[in-house]
Each structure stands twice: as C-alpha cells, then as structure tokens.
Amino acid sequence: MSYSLGHNRYGKSRIRLVTVRRGPQRHHLRDLTVDVALEGDFEAAHTAGDNANVVATDTMKNTVYALARDRFTGSAEAFGLELARHFAAHPSVSRAAVDIAEHRWRPIHLEGGDAPDAFLRRGDMTRLAAVSVTDDGGVSVEAGIDDLTVMKTTKSAFGGFDRDRFTTLPEVEDRLMATKVRATWGYRSDLAASGALDFDAAWTRAEETLLHSLAEHFSPSVQASIWIMAAAMMDAEGSIDWVRMVLPNLHHWTVDLSPFGLDNPGEVFVATTAPHGLIDATVHRRS
Amino acid sequence: MSYSLGHNRYGKSRIRLVTVRRGPQRHHLRDLTVDVALEGDFEAAHTAGDNANVVATDTMKNTVYALARDRFTGSAEAFGLELARHFAAHPSVSRAAVDIAEHRWRPIHLEGGDAPDAFLRRGDMTRLAAVSVTDDGGVSVEAGIDDLTVMKTTKSAFGGFDRDRFTTLPEVEDRLMATKVRATWGYRSDLAASGALDFDAAWTRAEETLLHSLAEHFSPSVQASIWIMAAAMMDAEGSIDWVRMVLPNLHHWTVDLSPFGLDNPGEVFVATTAPHGLIDATVHRRS
Amino acid sequence: MSYSLGHNRYGKSRIRLVTVRRGPQRHHLRDLTVDVALEGDFEAAHTAGDNANVVATDTMKNTVYALARDRFTGSAEAFGLELARHFAAHPSVSRAAVDIAEHRWRPIHLEGGDAPDAFLRRGDMTRLAAVSVTDDGGVSVEAGIDDLTVMKTTKSAFGGFDRDRFTTLPEVEDRLMATKVRATWGYRSDLAASGALDFDAAWTRAEETLLHSLAEHFSPSVQASIWIMAAAMMDAEGSIDWVRMVLPNLHHWTVDLSPFGLDNPGEVFVATTAPHGLIDATVHRRS
Amino acid sequence: MSYSLGHNRYGKSRIRLVTVRRGPQRHHLRDLTVDVALEGDFEAAHTAGDNANVVATDTMKNTVYALARDRFTGSAEAFGLELARHFAAHPSVSRAAVDIAEHRWRPIHLEGGDAPDAFLRRGDMTRLAAVSVTDDGGVSVEAGIDDLTVMKTTKSAFGGFDRDRFTTLPEVEDRLMATKVRATWGYRSDLAASGALDFDAAWTRAEETLLHSLAEHFSPSVQASIWIMAAAMMDAEGSIDWVRMVLPNLHHWTVDLSPFGLDNPGEVFVATTAPHGLIDATVHRRS
C-alpha cells in the first residue's frame, strides 16, 4: 500500500445538554456543550471500510445524555472524567477526550431574593473543561475561560519595539488594552485523577486571580500581561501546572478630531476587530 | 418616465464608538454601535446621479465621533437626540433616525471595591435606543433590550391548542420556556422631546419589571407571557406608550432515556435553536 | 382593561427542509429554510391564556414536511403558495405568510458530465421567496436574492456631494464599489395568483438582468445604481411591479504606501465591513 | 524564578487585502485574509517587559500591504513565501508563519463574454495556503480547501458498527452524506522551496480530484471516505506528502411522515448542524 494512516480521531461535537435539578427550595440549571472524541484502533474503519470497532457518534451522544441523568451532579470536570473513563473502557479506544463548554446562568434577582425557577444567561464568559483518559488509566484535566472580553483604560503602554522601514506605529505610554480572553490551564495529573481536587474551587480561584491581576498590573505589552497574569494564577492555585493564553489585541484607535477643531485627550475611540494582534503564550511552573 | 422612486433611506451603519471619561476617582467606559439613516430630498441622487443634496455617510461617521467628544455625557437616548437633531437640521433631510446598541461593561471587582480602570463586558443583554427627529421637530424615542437569554424552569405550560391532522405535539402542563428577548418600547413623544424624561431611570424600571414579571408569572403560552410582561412594564413606567416583544421559543426537548432503563422526570434536556417558534406582538396603552 | 393588543403574528422559523427526488438519470436536490407566520384571531391567546384558536408552531413544522412530500415539485414560490393557502384556510387565520430561503446546490462536474448524485453548495447567493395569502383569497408573491457579494473595480465614482464642517471625504472619480446585495421584488398579484407566471423563469431573468446591469452601468453613487438596476430588472421582466434593494457599501480603502516609498495606483486595498454605508430604496413601476 | 516561558508565538490576524491588477483587456481581482505569526527570541518581552526584539504587529500589517504592491503577482503560496522569508530574516525571529485564506471571485458573465471589471464572490469554497520559513532556511508549504459544503445523495452507508447499551442508531445501507470539507495537505519541502512547483496547478489538481473522488466512491463511513479521497489526491498530485481532512458529519434525518399517512422513500429530510459527527484523519504517502 502506498499510503499510511496518520493521526486520527473522531467523535460527536456540539452535544447540547441542559439539566434542571429540582430542589425543594430552588432549581439548579446547568447548560453544557459537550464534544467527545476518541482515538484508538480505527485503522480498519479507514482503510477497509470495516466498522466493527467503531463506536457510533450517535451512541456517544446518547451516552452523554444517559450519564447526565445520574452522574452530572458536580463540576464539568468531574462529569468529563465520568464520560472519558466510560469511553476509554471500550476495547477499541486508546484515548477518550471530552471537551466541555459551560454556559453560565444566574437566577433572576427579585426583591425578596433570587427567583427559584427563572434564570438569565450571564454571557460574560464561558467556562471550559477538557478531560482526557487513556486506556492505561492516564488522566489529563484542563480547565479554562473563554469569551471573556475585558478592557484596561490605562496602565497599558507599548514602546521600545523594533523599528524597520515598514514601521509607522508611534510609541505610546498610555493606551487602551482590550482583549477577549481565552485562557486554559492544566492541573497536576495526580491531583486531577485522585478525586482530591475541588475543581470548582480551583476554577474560581484561577478566574478571580486572572481578573484581579488584569486590573492591577501595568502592561508594557500583551506578552508581558500573559506572563504576569499566568504567574499570578499559579501563585494563587497550587494545583495548576501551566497556563496558556491566546489573546487578541482588539485595537481601539484614538479618533483624530482636529479636523473639527476638537481635541481628544484619550476620550473618543473607534473600536475595531480586524485586523487584530494575536498573542499566544504558555507559562509553566518550574518543577 | 416608467418608474418612480418609492420609500428610500440611507446612512452609515455599525459605527463603533467607545468613550472613556477619566474622572478623579474612576474611569467611565461606554461602548456603542451607532447606525444613522436619513430620509429626505434624495430623488435626484437616485434618478439623475446628482449628489448635491447627499450628506456623505463618511460625514455621518465623522459627526458621530465629533459630537461624542462633548455631547455624549448622558444616556444613549439623549445622545441619539443630539445626533438626530443635528442631521434633521440639514436642508435636504426630512427625517433623521439614529439607532444605538449599547454594550454594557462593569468594573472588575477587587477585594477593596471596584477597579477604577479595568472593565469586563457583561454580555447578558444589549441596551437599545432608537431616536428619530423630523424636520418639523417631531420626535420619537424608543428604547429596548436585545439578546437577553432567559429560562423559566417551571410555571410554563402549553395546552388546549388546536389539533388537526398534522398535529403530533402533546399537551404539557410543565415545560421549560427559554427565549432570547428582544423587547422595544416607545416613550410618550411629549415627554421624550421635552428633556423631562430620565431615560436611564425609565430603562432600568422597564428592564427590572420585565425580569421580575418573567420570573413570577405563570405562562400558558409565549403569547400570554408577552401580554403579561408588557402590561407589567407599562404599569411600572408611565412614560411608556407601547411595548413590542419578538420572542423565539428556544425549545428544550426532554430526552427519552427509557431505552437505557432510566427515567427522566424533567431533568435532562436537549437544547435546540432550529427550528424555533417566533412570537411577535405589540401591546398598547389605551389612551 | 388598560391595554390593548396591537399588531401580532407568530409562527415557526428556520424549518430546514431538504428533498431529494430520485429520477432515473439523476437526483434532484433542493434545500430550503422555511419560516411560517400567521395573523388572525389570536387575541384570547394573548389576553386570556386561551389557546383554542392557536395552531401550534410544531404543527406548522410538521405541515411543511408533510406537504413537501408531494407538493414541493416546482418553484419555491409555488410551494410557498401551497403552504400559505393551507394555513390561510384555518378558521382562526386571517393571513398566512411563508418566507423561503433556497440554498442552491449544483452537481459536481465530472469528466463525462455532471455527477448524478453528488452536489456542491454554491454559496454565491441565496434565492428568496415570500408568499402571503389572506382569508379572502388575496395573494402576494415576492421573490429575491440575498447574500450576493459583488464588486465593480471601475466605473464607480462619488463626487459633488454636500460638504459641511464634518466632511473630510475627498471626491473620487474612480473607486471600487463592493456590496452584498439583498434585492426583493413583487410580482403583479393577478399573475402571481393565477398560476400563469413561471416563477423560475421570472427569477432567472431578474437575476441575470441585475448582474448584467451591475456590470455595465457607470455608478455615480449606490443610490443611482439601485435606480438603474431596478429599472433594468423591470424592463426585462414585465411581471415585476417594484424592486427594493438594501445595499451595504463595503468600503475598500486605497492603502497609502508612500511611507514605504511606493505608489499605489488603485492596486492595493484594505477591505472593511464596519462601518459601512447602507442604502435602502424601492423603485416602482408606474401604473 | 518559579515559572518558565513555554511555547509562544504572536502576530497579526485577519489582515484583509484586496488587489486589483488593471490589465489592458480586463482587471484581475484577488481577495485575501492574511495571518502572520512569529516565533523567536521573545522571552524578554514576556518576562521583562523589554520590547527591543519585538516586531510590532502593526508593522506586520504594513509589510503585507507594502509587499503586495509588487510581489503578490502569483499564487497565494508564493506570496506567503515572500512574506515568510521577509519576516524570518529578522534577527529575533526563528520561524515565521503566514496563513492565507483566499476568497474566490469570478467575473460576471455577460452575453458577449466575461465582464472585464465586475465580479461576483463565489462562496463555494475558500482556498488555503499556509507557509512557514525558519531562520535556517527550512520551508514548509501547505495548501487546502475550507468551507466546501458537499452532499452525496446515495452511495453512502453506515453499518456493522459496535453496539452497546447506549446504541439506538439503526444500520443504514443508503443515507445522505453531507459535510463541510476542510482539507489541508503538505507539499514536499524540497519542491516547495525550490520554486519549481506550480502551486496553482497543484491546488487545482488536488481540488478537482477531491471532488471527483467524492462523487464517485461508495462510502461505508466518513472515515473511509477520507482515506479514499486523500489517496486519490496523492495519486493525482505527486508533490503532496500528506492530506488531512476534518469533516463534520452534517446529519440529514429522514422525516417520519407515517403519522400523516404518507410514506417517505428517502425524499424528505430535516437538515441539522448540531450535534454533528466530526472525523479528523491524516493520510501519509509512504516514503
């Protein structure tokens, strides 16, 4: 044969799962988008049209809903572990990956307190969980934040950069810095696998630290901001081994109002999305 | 001539305006998408290629940024009025319409209080303002809410509906009701034009009432929910003449887990977006 | 009662229908997104929670699929008429509207001719049909084109426009003109209702004329282009009563390369989508 | 220091470049979205706020427009090589990556032939090119196709797959298979670097073969389809070393019309996008 099968994986994406747990005082609403992907002994499916080893992606979808009935009672990470362990136990599977995006809702506030059974989708960020389990029991758990749009209206500069014949950007000591954060991080495998780690508490510490650090540090560049925020997150949460951030630099340009006889001391901006800078860096804890 | 020009309007859309007001204690961040559209004496531009009466849409964009420098200090509605009055004063314009979507940000919370210069985009809803001014001084001000995704996990039913040979939907006494609210409302013209109306306070009362009503009422249908919520909003805010809501019914189907030997007492759902019901109704205050 | 019900309509949106007709020589693939909306005697549903007159939107969806089985054999307009007449016959309905977007596919080209059973989604434009039928037998049929992105690389100018203190745009005798066409048009009601009109042939004539006219005319403004193209379409197709176009002006800015010692004689452009001009005009045939 | 910098890259994304070459007979329109990303000696930018080695992303954007003036005269791959070699020559850069999506336009057809200066965006697929150059002269050139939506209306089956207690999917001998193709492939490095490879001809051969193979083969699964199509592409184009495809399985469900007394012999389908299967596999040429 002239060709060989290389890296391959397959699964079901965008499984939309909503659960309502109906407690005596109030309902609890959860809203997930789940992606399942499997690696394993699928060579014959590709090269010989033999599906004997293939778990149908429709079965994956059914499994997500069925396991949600009783086992989705805690964090997205814990549910992801249940799912990934289930799929990894299949004889043809060598590695099962479960990626979860959790869409966050909050109760509607009423005068006497939170409504028990009416909710509003928050929309400020998405919580991510990415779990994989291998057939030899290896476990990887990552968590993250996506679609968190933030802005620093000062304490951001960009200067001292390289200049060549195509450089026209002036150096600035004070600019707006806006980005849509995608941050992911990995937990220590032993802790993640043991069940000893409180994934919700760890996520909350990481998220709060990210926001505090974002607000408080002086940023000489997006690159430096990633370093500073990632380090702060690992300082705050010892179970995190590494943090990756992929940050677009959503430029806000100061509008030149001088043609209209007006000054513009950093007050009026045009917001843009294209083109945008894109900074991608991972920071590791030294072992 | 065989043809005649009918309804026509033109303008600039998606003008992205961000302002930062730098107070001594804290910064104030505003983020608008502005659309401007003009009607008037533009027949010659269409039929004769004569642009003498045409305000270039580029000029509209410049005007939005220039007027924002000093005059965008209050509500989106008030800024819309400034803009619409400016454009309506042009000799060729008979009606100027300014539509604004305000994207809401909040300060990042720190331990000692809100950050003075770091913000997070809320994402839970967009505030709308739609202003139009005619060359005879007529003023219309509408406000609204868009992209507010909400869910009632009980107190929603749908039964007693018509059945024909294509009907398979069972009646249900208890269902999830989820929707992405687009609600707009009109203020009394005299109040809106006078400057006496506090647009921010009115919007907040309308929004809070919408949410409270949504949480508290029993819904026999989306149609009835619109009636109930719109009436509550007009009860609470006397300056509102009418309320329109366009509500998709974002169906959440109870998953049949019986093939897997499991019950599902209203706990596990599949969220869908297509197809969806779409209910559009306007409720008027009787004069 | 303090409030009254104003304009209202409801229905099912985004019904995704694909049909495959399996002829002896080749398959015929059709792909529609259908929206149904009804007006009628639905006051009690809103004000009294009484659903007796309500056709469930789920029933509408079922009806679309069921009628597609035997009656979707010709144009989208003809199928829309079947559907709208079906719904308008319901005792509580005064007006039924069916909006259809047809996504166009073509056979994959093979060396020996078109593949009989493999297709490629064209993506160059969407065909629109909008039909409404009233309970007194009134019929309205509109057709259209959406998402047709086109560009003229010359024969477009913009000059002689109004200048005020906020105007900075220079006049240009030669510019790129790019837009994403949304054009809709209305057929003479008597023809549309009679069954005598060949909707496919009329649509094709309108579409071809729009494209030819777009390519050939000199444009002094987007406004003038709408007038010229709409008139050409009505010249070519006598069954059309009016044409409406909503055209964004997707600006392409000539890049200033002089800082790099380069000229730019209309060769290098930055494409933008926000902000954009938006020109909306309707041209009527004089009766 | 407790932390170390891991993998990092940064650049400018979504640079929107349009060029018009004005030949004596006709204009030539090109439309690219370009992303530039650099790796190199950027540690100090992250850890010390020292930007001395940093090429500003604004400079990258300027460079794309400036080099487009004279050097974007052939394929997207060749232009990507120009850009990547330019950036890789910077002393702080170890690897420069340029990703290009080319949006395809065609002249509008007139009766006498193609319009010389009016164009229509095709929308049927996007052409991809991904080039990287390292500071030691290493070159990688990949090409691809994105957003190509296709359907086989027969010659697709799915059976013989694994069944467990969560499996409800029936085996089918004849189904619709629809997908939105993302295919990428790598050219032999020596050929790609030498300038001897005609990137346009190679892309066209790969694209045509993909489509022909898609139309002609019998598919026992999406996995097998990838294998078959990838092999055909490498058979046809000897410069390709590997092909990767990421194919969503866009399910089209046969509608059960039996409640309405109708059969449905594979004629009426509901098109869905969520959830969808997702099959990702790479096929290599054996060396």
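Per-chain residue numbering starts at 1, and chain names A, B, C and D are given in the order in which the chains are listed.
Going forward, contacts are C-beta pairs under 8 Å (C-beta built on N, C-alpha and C of every residue); 3 or more make two chains touch, one makes a residue touch a chain.
Being a predicted model, the structure only gives us computed values, none of them experimental.
For chain pairs C-D and B-D, the one joined by more C-beta pairs in contact is C-D.
Chain centres here are C-alpha means, and the one lying farthest from subunit C is A. Averaging Cα coordinates per chain places subunit B and subunit C 25 Å apart.
Per-chain Cα centroids separate subunit C from subunit D by 30 Å.
Note: centroid distance subunit B to subunit D, computed from Cα atoms, is 38 Å.
Looking at subunit A, one finds that residues 16, 62, 66, 166, 168, 259-260, 273-274 touch two or more other chains. Taken in their complex, subunit B has these residues touching subunit D: 165-166, 168, 259-260, 272-274. The touching residues of subunit C, when paired with subunit B in their complex, are 1-16, 35, 37, 42, 45-59, 61-63, 66, 90, 92, 158-164, 166-169, 220-224, 226-227, 230-231, 234-235, 242, 244, 248-249, 273-286. Listed in rising order, the residues of subunit B touching subunit A in the complex are 16-22, 27, 29, 31, 62, 65-66, 68-70, 105, 108-111, 115, 117-125, 147-155, 176, 211-212, 214-216, 252, 255, 257, 259-260, 262, 264, 266-272.
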